[in-house]
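Letters A, B, C and D name the chains as they come in the text, with residue numbers starting at 1 for each one.
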Amino acid sequence: MQFIGAGSLGVAGGVLYGESVQKDVELLIPQVVPPEDYSPGVASWYNTVCNQCSAGCGISVRIREGKAKKIEGNPVHPVSQGRLCARGQAGLNVLYNPDRIRSPLQNATSRESGSFTEISWDEALTTIGSRIGRLRIEGNASRVRLLTGSTRGGLDELFAQFMSLLGSDHYQQYDFTDPGALRAANRIAFGMDQLPHYDIKHADYLLSFGADYLATWLSPVHYSLAYGHLRQGRDGQRGRTVQIEPRMSLSGAAADEWIAARPGTEGLLALGLAHELLRAGSYTGSDRDEWASALQPYSPAMVAAETDVSVDTIVRIAREFAESTASLAIAGGATAAGTNAVASVVAVNALNYLAGNLNQPGGIFFNPDPAFSAAAGSRQVGMQGMLDLAEAMEAGDVEVLIVHDSNPVHALPENVRFRQAMENVPLVVALSSFHDETTDMADLILPTNTYLESWGDDVPDPGVGFPVASISQPVVAPLYDTLPVGDIVLALARRIGGELPIRMPWGTMEEFIKARWRDEYDGRTAGLEGQDFDAFWQASLEAGVWGQPGIVAGDPSMPSSAAMIAALANPVSEFAGDESDYPFVLHPYLTATFLDGRGANLPWLQELPDPMTSVVYGSWAELNPATAEDLGIREGDVLEVETPAGSVSVPALIFPALRPGVVAMPIGQGHTAYGRYARNRGANPMDLVSMQIDDRSGDLAWAATRARVRNTGERLQIIKTDGVTRTLGRQILGPKNDHA
Amino acid sequence: MFDHGQPSYAEVNKDILSVMLETGPRYWMLLGTTMSVAVIFFFMPWFYQLIVGVGAAGMSRNAYWGTYLSNFIFWIGLSHSGTLLSAILHITNSPWRKSVYRSAEAMTLFSLMTAALFVMVHLGRVWFVHWSFPIPNQMGLWPNFRSPLMFDVMAITTYLTASSIFIYMGSVPDFAAVRDASTGTRRRLYTIFSFGWRGTAREWHTLGWAYTFFAVFVIPLAVSVHSIVSWDFALSIVPGLHHTIFAPYFVCGAIYSGTAGIVTVMYCLRKFLNFERYIGQVHLDNLGKLLLALSLIWSYINMLELFSSWYGGSSFELEALKFKLTGFYAPLYWEMILFCAFVPLLMFFRKFRWSWNKMLLISILINIGMLTERFIIVATSQPRKFLPNAFGFYFPSWIEISITIGSFAIFATMFLIFIKWVPAISIYEVKETLKPLRRDA
Amino acid sequence: MKWGNDLSTFVEKFRQYLKPGYYDEFDYHWTMTIDLDRCTGCEACVVACQAENNLPIVGEKRYAQNREIKWIRIERYWEGEYPDVKMGFIPMLCQHCDAAPCEIACPVFATYHNQDGLNTQIYNRCIGTRTCAVYCPYEVRYFNWFTYTWDEPLEQQLNPDVTVREKGVMEKCTFCIQRIRLAKDNAKDDDRRRVRDGEVVPACVQSCPTEAMAFGDSNDPEAKVSKMMKNPRGYTVLEELNTTPSIVYLKKAHAES
Amino acid sequence: MAIMGTFAFEEDFLAAAEKLQSSGFDNISLLSPVPLAEAQKVLGLGKSAVRRFSLAGAIIGALAGFALAAGTALVFVLPTSGRAIITIPPFLIITYEMTILFGVLFTLLGFHVVSDLPAWRDRPYLPAANIDRFVVVVEGAAGEQAARAEAIIRQAGAEEIHHVEEDQ
């Protein structure tokens, strides 16, 4: 006995000692005999498409020993040009995320329970297939609804075919970040659906109305590259940027001038500028008088009073804007999220129109017809569509709801009651890689491959001025028992039967994509001479992208100023909530890291200090220093932010570059599910947004809610890397004396 | 010099040896307590830290050095009592030294060992500590002798060697006395310890010479050791640490706290080992004066440090200074000023210098002050370096605090063991101070 | 012994070793320029570095204790008050100083200056005295307070060209030395004596969406960095400390008028 | 055979010592509980050879110290902070410490050599000599010589006289 005792003691000691001083051996190559498809120690790069936001950057993924090691921008891709943002690089966390769904799941008991049991693919697909098949035969196919995020390219095409063959016209997309107002406004102004190419690169005066083009607006990487060029790309010529927004964004920080106009009046400010522009007489178009009369009311004095921007500033900016050879005005963010969103953006478009920035270098270029005649964003239904969907589900008109790459339960305001509506849907199918809020409400979860394991293709929107299409290919073998979304659709088609399998003959997504590209290849001849399809396909696959820089848009249908003028009315946003009870304006904003919250489950992004505040993990509410002082609020005091729509509790953060009377909150945190890194972290400002819709775009006016804050007296440490954020006169940002 | 009448030579042997040879239960209880405190407060937290990593302590990227290092300096400082005093007083042969120097030197040795322990605790990978010793190795890699830390390694090992030799050689005749007074194993042991010392004129003569040389070597050594420790800080360019005054500042502070330490130890010896006859008023009085002088020097250097950083006017220095004087740790700073600069002034009055209890209190306050001084040095300078964006804050974790407490227990344990193995007062040197055995005496 | 047995060479070497300084003898002098007028503080470089160099995911608790490890970080400085408030970003990473305060500090040579002018950190050699970090005025050295682990299967992403550090070890930006080594090997393979300009860039430079960063060998007058360094806006941070950093910042320009 | 005489008083002890010394006894040792300068004078002990050891140690230490610092720097040339490889000022500190270290060690050695301790055999000794008695030991005296020594000691007023057989 003693021996054992002593022995085990010794062992314990040894173990503890070893534990304390040694680290366990790790194998570089998991297999003893390395497989054929790679040579150990040699890295190979595969080009594919980033899926972290809808910009459609081309990426190259570094593969070692069959594992993805790093994501970088694809040098030959015209959107990203070898560069990539933080979100894009964190794509590896999507692929290797510990919280991925690893096999088909079936809801065990109630939907609330969120407990699932594993089932086989065959079983899952049969269940769905038979049910939809029955509906199809009964002619109730319209009771099948398909909801996706901003799905584009081949997958979008596949979904569309699937639904139309099924006989349901209820394939709709909802993406919070989709620039619906911008599209609507462009339709009005320029009469085209797809977004134009904003040539920031060659602009020398960029006037941004709330568009955080360096972090979240449309195509951040592309615009960042352009910004770098705008600043220092041309010898002796440094472009200027002016940012108009109530809370300084990344783009605001980069701007030479940051103007915090009264929230909701940015459109008005644009009109004021237009008025001044016209008065200064720099516009000499035939329709000058119509404009003059239309802009008559917006005198600098009146606009100054409304927008709280001084007359001189208005006059000066108007002058600078007019005088610069290549000026450009863009609108986004909160400006495009008021009840007057479309009107505001139209006003900005008008500014471009009057300054003659259309089809000018450094101005707005209209994209030629995109490859695959992709109708970008045409299926984006906006908030109105979601309300209708929720209503239909509430009314029991929906029997099967298929959700993919969209998280309405988190992204929609509480008062849409989407979660409750889902209760009335007999069969909810989620095609998802993660247990997000919506997925957890599903009856059947079909685990999908991540974009790094799937075939697909994409047409970036906005384009880059000439036709471009990218191929995305699997860069690693699937980690788990999951399937590419496309393959799932095709499998379902086979299960459903009828004409679907005949009209959708492809075995896999890969076949479909290849077929699609063959059609495109046959369709185009220009620039493809002497290159047979296989060569073309191989080349495109290796490059990850195919484009025809030669082709530019023909002279676009010059915008009808009448339509624009008509749309200028009602330029000021109306806010939900009475100013007396709700003294603050709530300013939710997209963060560079999480966007609308899809990035919240990626550890690298959770640990990435927020660019403007350096905060990590969790969310906060920002107040202007003066305001905070008046209310006696210090950083870390837990505030209860309350709006007509609801209330949340978050720690306060004092933010110097915030308009007094505004309380700003980052969007993206506040998940109740979505894996270990996202769950129960911070608050979701969407719970505070009142249901107001700009009827011209059908989009949610998420920046048009008033709020009040109350100091709960509790405290919560805000985790941030910043110590003191003043230089204390130390010449860290450069010597004071010189004027380089 | 003897409060309670002169003891005879024989009594000296009896008194002093009895402490070693007769051990009561109180001693064992005391030893047991200190040992268990040492284990529970020092070694167990340390083991935990070994397993999880130094993160168990409160340090962060705002302060990579914490209480471990400040305690290291404190203990090194305490060690400057003995050897230095003993050596200086030996050379200036002031007789009152003779009855206190043995325990003073013991203090040196043990606080030095405690300090060394703190280096171990501080290291991130202590299991590779030997890489910092100049040992031939197959990598052909040697330590970096340009590094202030290597100066430390060299200085402290030298100091450890020198002071242990110093104390040992001083005790050889007393080991002989123990040998003669004991039997059995102890006798055999002490026969070896005492080299078979007989006390012949030749032996005394050689010992005298050797001892004097040890003293001569030890004085510059002790000065260099704490200068070098101060250079760990001063050789950095960190505002608040980069001061030329640091070497004298540290040396003076070291002797200061060391001397205070002696007073505390003497009090205990006197109280618990009944050495009233040998440790008397005169010692207390002299030490009191010494302390007073040191406290004045210390205050002066302290003012100098503040003044020079302020007068330099560099934004970095001023920020560090501001943080030290008015920041979170300002109360600690002013507590230190109170304990080390003002309280000691009481010793201007004989009333305080002559009262054991009052002196005990003062000496303990001084050492508390010195402990905080070292803490302030690490805790206020590092979080206020050059880039404001990296400014931060350091607060010790409970593990650091517990280990700090434990270190005192370790010191006490070693001292308790010491008094049972070595005569706590030098027998033969006390005899020298008695009136000689002459007819005419 | 390096100098052989020949006494004269020994003496000659000895003389040479008595002179301070070495930069002129570098094979390369890797240098980075960061144009603050282009930098938007988007932090793409931060993630790029984390991916390339196996930086751990420390978790919320450790972050709250300031135990994060980010070889490159963005520092932010506000100027002025609302409404005339400006934000200045400055990426802060190891400056690879030629006269690095950290290097003398290490008792075991875990950090020293290599022949590429890089300030290297040898993890295996480090015993964790943390002196280098205390001495570093840029506070860009990071310590492994714990042995960090990756939630399975995140560890599959780890870059096999870079070690994973254990507890008790100091680490910092290496200018992606693994990439530099690879580039030099390639150069050797196709019989070039030197690496071409732009042939190798660290992960941060590679990813920078605004092309604010440039990297190259400043010994080569034709290199992009050499040209950038001549820019009148160029400066080095904390110049007054005479650490002679290998990173030249280009001050943010201000709009005329 | 050795003769030991114990004395209670210093003067007698010294007197005996001088007497023996003058009457040509070369192998005497004088045991005392405390160092006695007079006794050492009697034996004519002047400057001790220990100091030569100390000096030698210090010099060797200084050389060794610099050699260690400079030599190891050359074995593996690792430049740091743009300092010279052989950086004099810091190496002087190493030199300084090593000087003292070797000085101390050699002094220790010196002590052992000169005092020829540790003793490998017991020598005539009385514990009292380490308490409060002075002891004169005359060794290597035999027969009539011994008698003379004994006479001198007794005459000087020794309390007791012991004869001990030396183990040869």
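Miscellaneous remarks
In this text, contacts are C-beta pairs under 8 Å (C-beta built on N, C-alpha and C of every residue); 3 or more make two chains touch, one makes a residue touch a chain.
Nothing here was measured: the structure is a model prediction, and the numbers come from that model.
Counting only chains that touch, the fewest steps needed to get from subunit A to subunit D is 2.
With contact taken as defined at the outset, subunit A and subunit B are each touched by C.
Between B-C and C-D, more contacting C-beta pairs join the chains of B-C. Each chain gets a centre from its C-alpha atoms; the one nearest the centre of all protein C-alpha atoms is C.
The greatest centre-to-centre gap from subunit C, using C-alpha centroids, is found for D.
Rounded to whole angstrom, the centroid-to-centroid distance between subunit B and subunit C, based on C-alpha atoms, equals 42 Å. Chain geometry summary: the mean Cα position of subunit C and that of subunit D are 61 Å apart. Mean C-alpha positions place subunit A and subunit C at a centre distance of 33 Å. For subunit A, residues that reach two or more other chains under the stated contact definition are 722, 725-727, 732. Touching two or more other chains at once are residues 73, 75-76, 78, 80-81, 83, 87 of subunit D. Multi-chain contact residues of subunit B (touching two or more other chains) are listed as 62, 125, 141, 143-144, 146-147, 150, 386-390, 392. Taken together, the touching pairs give a contact graph of some other shape, not a line, ring, star or complete one.
Chain pairs recorded as touching, per the definition above, are A-B, A-C, B-C, B-D, C-D.
Subunit B contributes residues 8-10, 13, 134, 140-147, 150-151, 154-155, 157-158, 161-162, 165, 169, 173, 176-177, 180-181, 192, 195-210, 213-214, 217-218, 220-221, 224, 228, 428, 431-432, 436-440 to its touches with subunit D in the complex.
Those residues of subunit D lying in contact with subunit B across their complex are 8-11, 29-36, 39-40, 42-43, 45, 47-48, 50-51, 54, 68-69, 72-73, 75-76, 78, 80-81, 83, 87, 90-91, 93-94, 96-98, 100-101, 103-105, 107-108, 110-112, 114-115, 117-119, 122-123, 125, 127, 129-132, 134, 137. Here subunit A touches subunit C in the complex through residues 23, 26, 28, 41, 64-65, 67-73, 82-86, 89-90, 92-93, 95-98, 214-215, 220-221, 224-225, 227-228, 231-232, 238, 240, 248, 250-251, 253-254, 256-260, 479, 592-593, 603-605, 607-609, 611-612, 614, 616-618, 624-626, 656-660, 676, 717, 719, 721-722, 725-727, 731-735, 738-740, going by the rule given at the top.
Residue ranges of subunit B in contact with subunit A, taken from their complex: 47, 50-51, 62, 125, 127, 315-316, 319, 386-392.
Residues 1-3, 13-14, 17-23, 97-104, 106, 109, 111-113, 244 of subunit C touch subunit D in their complex.
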